[in-house]
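Down below are the structures I want you to see.
Next come two complexes, and both contain chain A; in the first it sits with chain B, in the second with chain C.
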Partner chain A sequence: MKGIRRVLFLASAIVLSGSFLWAADPDFHQILRTIDAMQDFGGLDYSAVYTIVTQKPGEKDSTTQARLFRRDEHNQFVLLIMLPEVQKGQGYLKIDENVWFYDPESRKFNHSTMKENISDSKAKNSDLSKRHLEDDYEIASTSEGTIGKFPVWVIELKAKTNEVSYPKTRLFVRKDETMVLKQEDYSVSDRLMRTTLMPKYTRVGDKLLPSMILINDELNKGEKSQLTMTEPSIARLPDKVFSKAFLEQVSQ
Partner chain B sequence: MSVLFRIALRNILEHKSKSFIIGAIIALGVVIIVVGNSLMDSAEAGIERSFIANYTGQVMVTGIAKGTISLFGVQSPGTREETPVIPEFDALREKFAQDPQVRGFSPLVTGFSSLSVESDSADSADTSDDSAMGKFTLLFGIEAEGYHKLFDNMKLVSGRYLRNGEEGILITRKRADSLKKSYKRDFVVGTKILLNGFGVNGMKIRELPIVGIFDWKQENGGTDFISYVDVQTLRALNGMTVGSGDEVKLAPSQTALLAATDTDSLFGGDMVDTGVKPGAAITERSIGTLLGDKAANAASRPAIDTGAWHYILLRLKPGVSVPRYIASLNLWFAREGIQARAGDWQAAAGPYGQAIDVVRVVFDVAILIVAIVAIIIMMNTLIISVIERTSEIGTMRALGAQKSFVWRMFLTETLTLTIVFGLVGMVLAGTVVGILNVIGIKASSSFLEILFGGKVLRPVIQAGSLIWTLVMVTVVGFLAHLYPVAVAMRIPPVRAIQTE
Partner chain C sequence: MKKTPVLIAVVLVLAAFAGFAQSTGGVNAEDALFSGDMVDTAPQAGSAGNGAQAMSGTAGKATGTAGGSASSEKASSTAASASEGDLFSGSTMVQDSSAATATAASSTEGFLKTAGMRWGGSVDSELALSGTWNTLGTGDFGIADPSSKALEPTVDATLFFDARPDTDFRVFGKFKTSYPFDAASSTSGTVAGYSSFGATTTTSTVPNIKIFELFSDFTYKDLVNFRFGKHTIKWGVGYFFSPADVLNLGTIDPQNPTNQLEGPISLRTQVPFGSTTNAYLYLILPKPNADGSLNTDPAAVAVAPKFETLVGNTEIGVGGFLQKDRVPRAMTTVTTPVSIFDAFAEGTVARGSDRTYVKRASAATSSAQQSAWSASDGLVTYRDTTSPYYSGTFGLSYSHDFDHATMTAYGQYYYNGEGYSNSRLYDDAIRYTISAYGYNNTTTGKANPLDLPTIGSTYYWGHHYAAGALGLSKIWNTDFGANLFAIMNLSDGSAVVNPSISYKFFDHCTASLGAQFMLGPDGSEYTANLDSGASGPSAVTSARTMKLTLNLSIGSGNF
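Entry: the complex of A and B
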């Protein structure tokens, strides 16, 4: 009888401890590191074409197409505008902390920022660059929720630096697989500025990248942009791509 | 002299102290209103003169937009709206050139830009908020020679005006100093400045030499922001092109998310898309072809619209009524089917013009408060005065005086007091304004300089203001006598006679 009791006690202890383990929150810093790593190509180069269609009430849809080049190992970023015609050949170049904007009509560079909107869309340069969530933000709070059919962790982040586009951000991360489904960006006064939805991802090498993104402007209701990624590649890019000379040459 | 007036005069003289108190209140109210009005009117006239002479002209002609158009762009709640281009510009130009009422006119394009210099590192620039404001400018794109003939608004510190067709920029000495502080280098005639335009068609960069540095002859609202450039450069910065260029063919999937009303429904299926085709490798050789055929690109790039203007600013000949001219112009636009609109200097000055209305409303509210206080004080004094005379009223009524006679008697008394002391107040106000006019009120800050429309305010009294004030105090006197007399009338004559 004693033996049976011991076995039952042991079994219930195992079950209880298991359920406690099951209910325990995950390491949210690890989730941020995973998100950062998911889009960090490290020693590889990354390029893709992004088509951005922007809708504004009462206006014709506008389309911007840009080719993105990244060398994350050296924190280098180039965005070459291909459409509309009036902006063809314009580009952004980021080397270390310096960001330049290039205008092929005047063949001049000017200082810019990663916070700059791409063309007249709702997307910013920083949306396409390597993320540094773990370095740029601290976790303010966490909770649980659901997006569509997916249970998610809701992680509220507060910026540690002025370099980021928004001082407060709320990420909705899938529980079963680390994928950001939704992102809400807030102002310092907690006003919702922008909501970004990432319902489609694609594998590029061993990384998972959002291939379709919807950005809603929460300040100007009804204004939104869809970003669609095509032609992803992790083939080595010529070094020249990450230089002013590249932007000058490509539109000459 | 009528009986009523004689009785009124007798009563006023009999109750000297009370009459004097009421009269003093009326006179003080008149002094406040007349002096205040004269300061407001003179400031308003000064502001109007300085805006018209500086950069608005008397009439501004624009295209039509959903929002309100001023020289600072279109104010559209919640969205950014492009300043419309004036339709049928050549027809309008011809009309104004032949119009005998028009002294002169000048077309204009405006746009916002930041100013910087070419450098390899962002570290060389001061990035403080103050510095950012110093680098931000409202550009006026002008047809140089015609513009400077119409607006004699600047004193050149160095360099010269722009010439027609010449590319360059004119900046104020204040801005040159502010840029020097930001970039730690001199900004003098010949220095090349990078202009970063934020047009509706995205960002554009142009480099221009400083052709002239100037001081405003008279600063007012908005002048701190303005720099002058040749119109063609500003059209390029604004992205004012002929035709939009391209119709882009999109796959349905590239707009699928935009149509979603229930965003949760986007997260129902498999999230990983395996259908995205990988791109081709990019090599040194393929770099040159990334943007397609260069000759075709050059041919399809939308050209700058060399005939596009946002505004025509007009100055009229002396004696021409501006409101009437604007009304007739708007009628003509409607008749000819031209999608244009004419407005006055205040519309052109945008937020600065509206600020004057705000000041005027605040002043009017203050006057209203003064009037209400004056009515209450007069009413109280009259109540005491009337109650003291209750037995007199009772006796008059007992002797057969009708209610209407007593009413008229008090009304005549009040109006006599109001008009006499109102005139005394006007004489006092005239003296105060005369002294202020001779001395002149100096603007001790740039804010007051904007408010005064110049460095010194010399107030003058307008005849209309005097008439308006006299009417107002008469109405105040009339209103103030109603209640106390009504109180006295309610007392029966027998009781009234018994009252001591």
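Entry: the complex of A and C
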């Protein structure tokens, strides 16, 4: 009799613990914080070259190359266009929430928004800046899925602010190691605007950055961009880089 | 000849249809983008390689050389393509970048120092077929009977060079030309020793080339930045109107607000304090005298200090302007985000005005006298250099990618403190200007009385103005675009309204169909219409006009 009770007890324990484990979701806010943190260089400067090849049906492929400078500690960001040659020297400066675009044609600084696309590509400035998922979004729902051979958490986010590029976003995050493999961006009306895949990452210092980003424009079918990150560096940059004066100096 | 517009329209419609069919029928772009012939090697950073060869990436494999050139990164060209399963089938998604600090040292130098001189520019070439109706709103109006027709070519070109022999020294020059590429120049004088023969006049043609900018940049220990030469001055923040900007040689054309303004010869000294605060001092040389000789009076050099800083999300600028024979001014500028908009504002105060005002020669003060007064009574000009004049402007801009279009919008209000409180004398002021300075005045070389030296008298005549522009592109995800521009003198109720639609057939070939309506009551600013005379317009009438223009931009672009 004792044996039967023991078996029943063990069985019950196993079932209960299994169901508990089954029900135990991770802390999704912690996942967002981890995603934010793994691309936040803190007191280090970060620079890299991003090459963006964009294809549109019926048009020649276009290439934009830009060098990115970031000082995350002070929330500073500079993006300088290197290619195409006709846009060389155009650039963006972001300091906190303030963004300036220097237009060499009019020799004026204009307030712009980080929502703007880089050149005529499908990539936005915000794709290259430090992320603030935890601050900018709230979690609307979560589920599970698979991307390729990787089990993922699917986290639906709703924007808390209109400062972000898209009001709704769905992240596909690897379960075994926190990494965003895919991102879907939606309009207010829940229309899928953009799908982004991040199949390659590079570890820079102790940070993890996507080194290849593939962006599909879901509105304009067939229009897509591929971003490739090279020359990552965490060497100290001159202070003058993060200034309007520098943007003006390097422009045409 | 009458068949030409019809023929052009038919060709454009057919071409548009062909372009649309191609864009909707086309290739499966996903297959094309990531199919095998797409790429192999990413370009060396900073090189000017062919864009189409820049793609890289091997799905699921980390083959790049982190920290170094991307040129070694071979692509299997299957990247991204096909399916997520292919992309995320590998186990080595992450590569380490051990050489992450190797290349940063030269990352900024590449922008500041170049081995050779860089040349570039742009070409703007257009054909505009237009018809103008001066009878809008009258019984004489007939759509098939325009008052005038014209086919006008535009071929403008800009050429610049940019030399950066060292990180702290740069020389830049920009030249402009436009069709017709030469201009007549007349000189007259006596031959030495033969004055008894009287003066001789020689007419020759000279190339129509203008040095638009020519300056050098240099720095002192990265603490102070200098720019000397002829260059555009950044001063105001207004989009359509910038009352604070009295430093540049021209003013903003509201219909082309992003055009670069021509600047004077000046020395700019800039001292940055951190990332968001700058102090400027401009020393601006005076314009040449009316006869073309240089004004070498040291006292005529203008002094214009400016200070700008960021407070929260608001950038604030304050400045001043002092120059002999011109009224002193102080100004302030503000730019800041407001909700989903970017806002800008500027205000000025001046002790007096640089404008030359007109008033009646007779001292008619009562309304009865004013009604009885006519232009034949004459006008006299006067200046006011002591009264305070306040002007200000504010505006908003907005841009957004909607599901079916990209929208850009600007709106701006302008209080012109130096304007007239009414438009009663507007037409007469133009007549006076024509009479006093001559429409075809060879001394000033001006072709339009609105550009004459006393332009302050006839330009921005009223106190209150508003302008707006709305642009839509990629409408329904096609190459169609639509624009609407309007400017209104709120004081007299006159306005210019320009709606247009455009279609890009392919790169460097765009057609647009636009209209321009000049509306308002008689005697108002935007209904003034110059009458044609044998030697140029000599009178002005009021008319509401409509101008339709079919514009073909062919071969325009940057290089």
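Assume the second predicted complex is superposed on the first by the 227 of 252 C-alpha atoms of A that agree within 3 Å, B and C clash if a C-alpha of one lies under 4 Å from a C-alpha of the other, contacts with A are read in each partner's own complex, and residues count from 1 in each chain.
Just so we're on the same page, a contact is a pair of C-beta atoms (placed from the backbone, for glycine too) under 8 Å apart; a residue touches a chain by one contact, two chains touch by 3 or more.
Here the structure is a predicted model, which means the values were calculated and not measured.
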- Kindly classify A:S211 by the partners it touches after superposition: chain B alone (first), chain C alone (second), both, or neither? both
Quick check for you: in the superposed arrangement, does A:F77 touch first (chain B), second (chain C), both or neither? neither
Partner chain in contact with A:F101 - chain B first, chain C second, else both or neither
first
Message = If we overlay the two complexes on their shared chain A, which of chain B and chain C does A:S189 touch? Say first, second, both or neither.
response = second
In the overlaid three-chain picture, which partner chain does A:N162 touch, first (chain B) or second (chain C), both, or neither? second
Ask   = For A:M179, is the partner it touches chain B (first), chain C (second), both, or none of the two (neither)?
value = both
Per the contact definition in the header, classify A:F242: touching chain B only (first), chain C only (second), both, or neither.
second
Check: Does chain B (first) or chain C (second) touch A:K224, or do both, or does neither?
Finding: both
> Is A:Y201 touching the first partner chain B, the second partner chain C, both, or neither of them?
Replying inline: both
Footprint intersection on chain A (chain B / chain C) at 47, 49, 51, 53, 55-57, 61, 63, 65, 67, 69, 80, 82-86, 89, 97-98, 103, 105-106, 108-111, 116, 147-150, 179, 181, 197, 199-204, 208, 211-212, 214, 219-221, 223-224, 226, 228, 230-233, 235-238, 240-241, 246, 249-250, 252
Seen from chain A, its contact residues with chain B in the complex are 47-49, 51, 53, 55-57, 61, 63, 65, 67, 69, 80, 82-90, 97-99, 101, 103, 105-106, 108-111, 116, 119-120, 147-150, 179, 181, 197, 199-204, 208, 211-214, 219-221, 223-224, 226, 228-233, 235-238, 240-241, 246, 249-252
Interface with chain A, chain C side, in the complex: residues 22-23, 26-30, 32-34, 39, 42-43, 45-46, 48-52, 54-57, 59-62, 64-70, 73, 79-80, 84-89, 93-97, 100-105, 107-108, 110-112, 118, 120, 160, 162, 170, 172, 217, 222, 225, 231-232, 234, 258-261, 270, 272, 274-276, 278, 310, 313, 315, 335-337, 339-340, 342, 344, 397, 399-404, 474, 477, 506-507, 558-559
In their shared complex, chain C is touched by residues of chain A numbered 45, 47, 49, 51, 53, 55-65, 67, 69, 74, 76, 80, 82-86, 89, 95-98, 103, 105-113, 115-117, 147-150, 162, 179, 181-182, 187, 189, 191, 193, 197, 199-205, 208, 211-212, 214, 216, 219-224, 226, 228, 230-246, 249-250, 252
Interface with chain A, chain B side, in the complex: residues 78-79, 116, 118-119, 121-122, 125, 194, 196, 200-207, 236, 239, 241, 244-246, 248, 250, 253-258, 260, 263-268, 271-274, 276-284, 287-288, 290-291, 294, 297, 300-302
